[in-house]
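Every chain is named by a letter (A, B, C and D) in the order it is written, and numbering of its residues begins at 1.
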Amino acid sequence: MKKFVDDPKDFVPQMLRGLALANPDTLRYVPEYNLIHRADAPSDDRVTVIQGSGSGHEPAHVMTVGPGMLTAACPGDVFAAPPVEYVYETIKRLASAKGVLLIVNNYTGDRMAFEMAQELGSAEGIEVRTLFVDDDVAVQDSLYTVGRRGVAGNFFVMKAVGAAAEAGADLDELVRIGEKVNAATRTMGLALTACTPPAKGSPLFELEADKIEFGVGIHGEPGRKRVEVGSATEMVTALVDAVAADLEVVQGDRLALMANGLGGTPISELYLAYGIAHELLTGRGAAIERSYVGEYCTSLDMAGLSVTIVRLDDEIAGLLAAPAEIAVRVF
Amino acid sequence: MTGSSVDTVRFVVRSIATTAVENEDYFGELDAVVGDGDFGFSLARGFEKVLEDIDDYPDDTASALLQAAAMTISSRVGGTSGPIWGTGFLRASLSLRDTDEIDLAAVVALLRAAAEGIQARGKAQLGDKTLLDALIPATDALAAADAEGEADSSALVARFAAATRESAEATSSLRAMRGRASYSGERSIGSPDAGAVALAVIAERLAEQWPQRPGAENPDAG
Amino acid sequence: MKKFVDDPKDFVPQMLRGLALANPDTLRYVPEYNLIHRADAPSDDRVTVIQGSGSGHEPAHVMTVGPGMLTAACPGDVFAAPPVEYVYETIKRLASAKGVLLIVNNYTGDRMAFEMAQELGSAEGIEVRTLFVDDDVAVQDSLYTVGRRGVAGNFFVMKAVGAAAEAGADLDELVRIGEKVNAATRTMGLALTACTPPAKGSPLFELEADKIEFGVGIHGEPGRKRVEVGSATEMVTALVDAVAADLEVVQGDRLALMANGLGGTPISELYLAYGIAHELLTGRGAAIERSYVGEYCTSLDMAGLSVTIVRLDDEIAGLLAAPAEIAVRVF
Amino acid sequence: MTGSSVDTVRFVVRSIATTAVENEDYFGELDAVVGDGDFGFSLARGFEKVLEDIDDYPDDTASALLQAAAMTISSRVGGTSGPIWGTGFLRASLSLRDTDEIDLAAVVALLRAAAEGIQARGKAQLGDKTLLDALIPATDALAAADAEGEADSSALVARFAAATRESAEATSSLRAMRGRASYSGERSIGSPDAGAVALAVIAERLAEQWPQRPGAENPDAG
């Protein structure tokens, strides 16, 4: 394995230590619980907004802690939801008089850990609410499955809710906003390569030199189908078509558009892909009001791309435009 | 409850934990086929802590010992496996609360309690391609052996292991409806469920080690 | 080749189009000359600061155009300095009454193109000065070679000069600041994998599964030596030792520290590496005042890391702390 | 200057340009060994534009035609090659300014002017492992042939090509002191310089096509 890794068991703690050392004024790190939180939290003026999930999706979510975004993040190990105890400790330590909002990507492991922690927290009298994010159109939703997963669209929920929390909104209001943004957000991704989890030391699956995985999530698991690699235009068109169809994008829609890199794809290619997606959507008569290009939610070193579209109204656009300060965006 | 029950339960927990730690890579590979590959890592982190602490667990009752193990698992294991295995151990502990002597009926009840807890926690049905598809049929096999009058503990453990293996392999033909593997849709068919196979490996290893259990008449002969 | 590429000849123009589409309010794009410039430039209140170089180093330099950083960037094709004409046109179009400052990484092709363009611009009466950046300690400097190359340390020169230019400093002052920052900055890099230029379609060199290239630049060329891959601590220590030795870091030094990803290394590993480097330097009694973790200057999709150290004084620290707004840092 | 001089120069420029375009990948691979692999791409982007525009270049003099080619190269070719090849063509053009009839002496003077321009631009010395290490020895060989009284143009072109190839291959033993390859230090020894080999390929192709030059007595026989 060619990676910057010492003992794979220390991968997440070492990453978090680096993050804390690089942001001594703004972040606090509690090693026992993989906890990263704002140095100025908790504050009774603001609802505490917490996101946890497996690691390996950086900058999500430990690097999106800061004013206008998350109050805290408690990640698990690579691709593994945090143990219940971590979430519970995070809730206890950062509870504010205005309450605690948990943002959870819709995965079995994450749901269970956060639900159990919420029960424990509520039992102690802390007001805790939970928002589930499920923006991935690659998953066919049905009564008999676990439903769609939460992927890069999660960024928009965090950003909007974070902005409202910063402005002092209460828990009900944050839940309303979060659910609204989630309902307006759709994502579809594809992988050019498999990722290599540090503990495994080799790619999670074998992918032929001329094949891609279409409809991948963010945990390095295979996607819905394996297809031939195409040109940038072909691949981006397939993503945009899938997302736009599910969101029912029509002429005159106001949109935010994100080209999210999965970890191994350079930003040059992301901007190239963004340009194609942008022109496809304006070609359909939509207006792109906000553009997002870069890495927001990754799968370790996987080369690949996801496209997220958010349907905007004045409220969502305003919250997305509000200022925020997080580790990966500061220099 | 007799001291020997606690010793046997400790022996079983230690066996499970050792198998989980030793198979970290193999269990991870099973989960990598259509899942995300973290299953082995997650289990191993919890069970290595169990092995570290088990000698300090309270041992006045088997229930207390199982509850301590459940706590370690809940606080150390992430992913789906943390709540699933933590709940399984916790329910097993609860089912022994009022049991003095652990007989075969108590074991079957314990396994059913664990399975029910896991079902309540993860909402999976039989046939959804999870570890329940090994645990429930294997528990049924144990109950059937009891009904048949089988009383030799070595034979019972062997039958349990064989049933776990058989039903774990049979998950190959199922389509995953829960967990990460479910996102792969049709592609999840053709390989067995990681959690189910892990149970088979654990049960087989336990059957193998059974002769070494505390209080066995002749540990070497089995 | 598995990349987001249509015709490789269009790789750079398509990337620039995407960049312009994503930043309609702040950036302007002139396709004929690969030119990206601030929408509000030129301004006679500010010296125009231009950086050009080959493409493939994104976000450098087209994505670091904006208030407090570059006025304009004119990239060439992948790893190729821009043609003289592009630089000359950029100078002409963006010349300000306060003059033009060219920031050039010290490579033969870049030097020649910028020197020729400067001659042409000066001949038209435009005041043009040039700053050369050469922070790479991997290159043994000598009278008989082309000297050290400019790599990720370039960011600090752009940042400091950009801050001063924004504040209205004149050309002489900018040259003084740029030379001072360059002299205080050193970098060393290593590659875990070779990169794949779109036009080549395959890795630029073969690297065995257990080998790394130590002392690489940013053009995908091999480094000074091929060595065994090590643990994160071993590899980061080798980089830090080389840089700290060349900069003669001593107890009590005030430093800025950068862990720069070469394109294919995920930010999780960069933070992990950053933490190791940080503790090595504080262990030597230095104080890390400013931390930089992420991708600043890349080699396409190369997996790898460079470590840059800047010796700070109040002036440099102040300029680095000044606000700036660029494409990759805005959301 | 006779029209035939201009035609011959156009023929030569077209031959160089075609070779550069057709060898884009090969030249890139040569540069990838210890350089950054962009050499073929850079040259091809300029020379494909030369081929596109060459019929519209001014053709009252060979000098004017070469100057137009130099301008295309300077505006389209990036990297080190842009200034180097642009300067080479520009100096070649200048050396023909006052030349009516392009004889062998004029060709030698043109090549020397190009080499000197490249040296002034890029500060490389003979032996620094650049295209100068093919261009200068090959020019010397042409001058030597002239001194020996060789007058057959086909023979001269062939000798020029052979000398270019020989000296290009000989750059293998040199250590790169200029350009990207120089950063590889000792490791640049053992493979020839990309720019030098490109000149050899260009010269060989020109020698091959020489029988098809305008005004050749019997284009098919050579």
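FYI, contacts are C-beta pairs under 8 Å (C-beta built on N, C-alpha and C of every residue); 3 or more make two chains touch, one makes a residue touch a chain.
Keep in mind that this is a model prediction, so the values were computed, not measured.
The chains touching subunit A as well as subunit D are C. Common neighbours of subunit A and subunit C under the contact definition above are absent. Seen from the Cα centre of subunit D, the chain whose own Cα centre is farthest off is B. As a whole-number value, the distance joining the C-alpha centres of subunit A and subunit B reads 33 Å. Per-chain Cα centroids separate subunit B from subunit C by 55 Å.
Look at where the CA atoms of subunit B average out and do the same for subunit D: the two points lie 76 Å apart. Residue positions of subunit C touching 2 or more other chains: there are none. In terms of inter-chain touching, the protein chains here are arranged end to end in an open line. Touching pairs of chains, sorted by label, consist of A-B, A-C, C-D. Within the complex formed with subunit D, the residues of subunit C that make contact are 8-9, 54, 76-86, 107-109, 112-113, 116, 138-140, 144-146, 149, 197, 199-200, 204-205, 217, 219-225. Note for the complex: subunit D touches subunit C at residues 25, 28-29, 32-38, 40-42, 45, 74-84, 86, 121-122, 177-185, 187. Taken together, the subunit A residues at the contact with subunit C in this complex read 2-6, 11, 14-23, 55-56, 58-59, 63, 159, 192-193, 209-210, 212, 229, 231-233, 235-236, 259, 263-276, 278-279, 288, 291-295, 298, 300-301, 303, 305, 324, 327-331.
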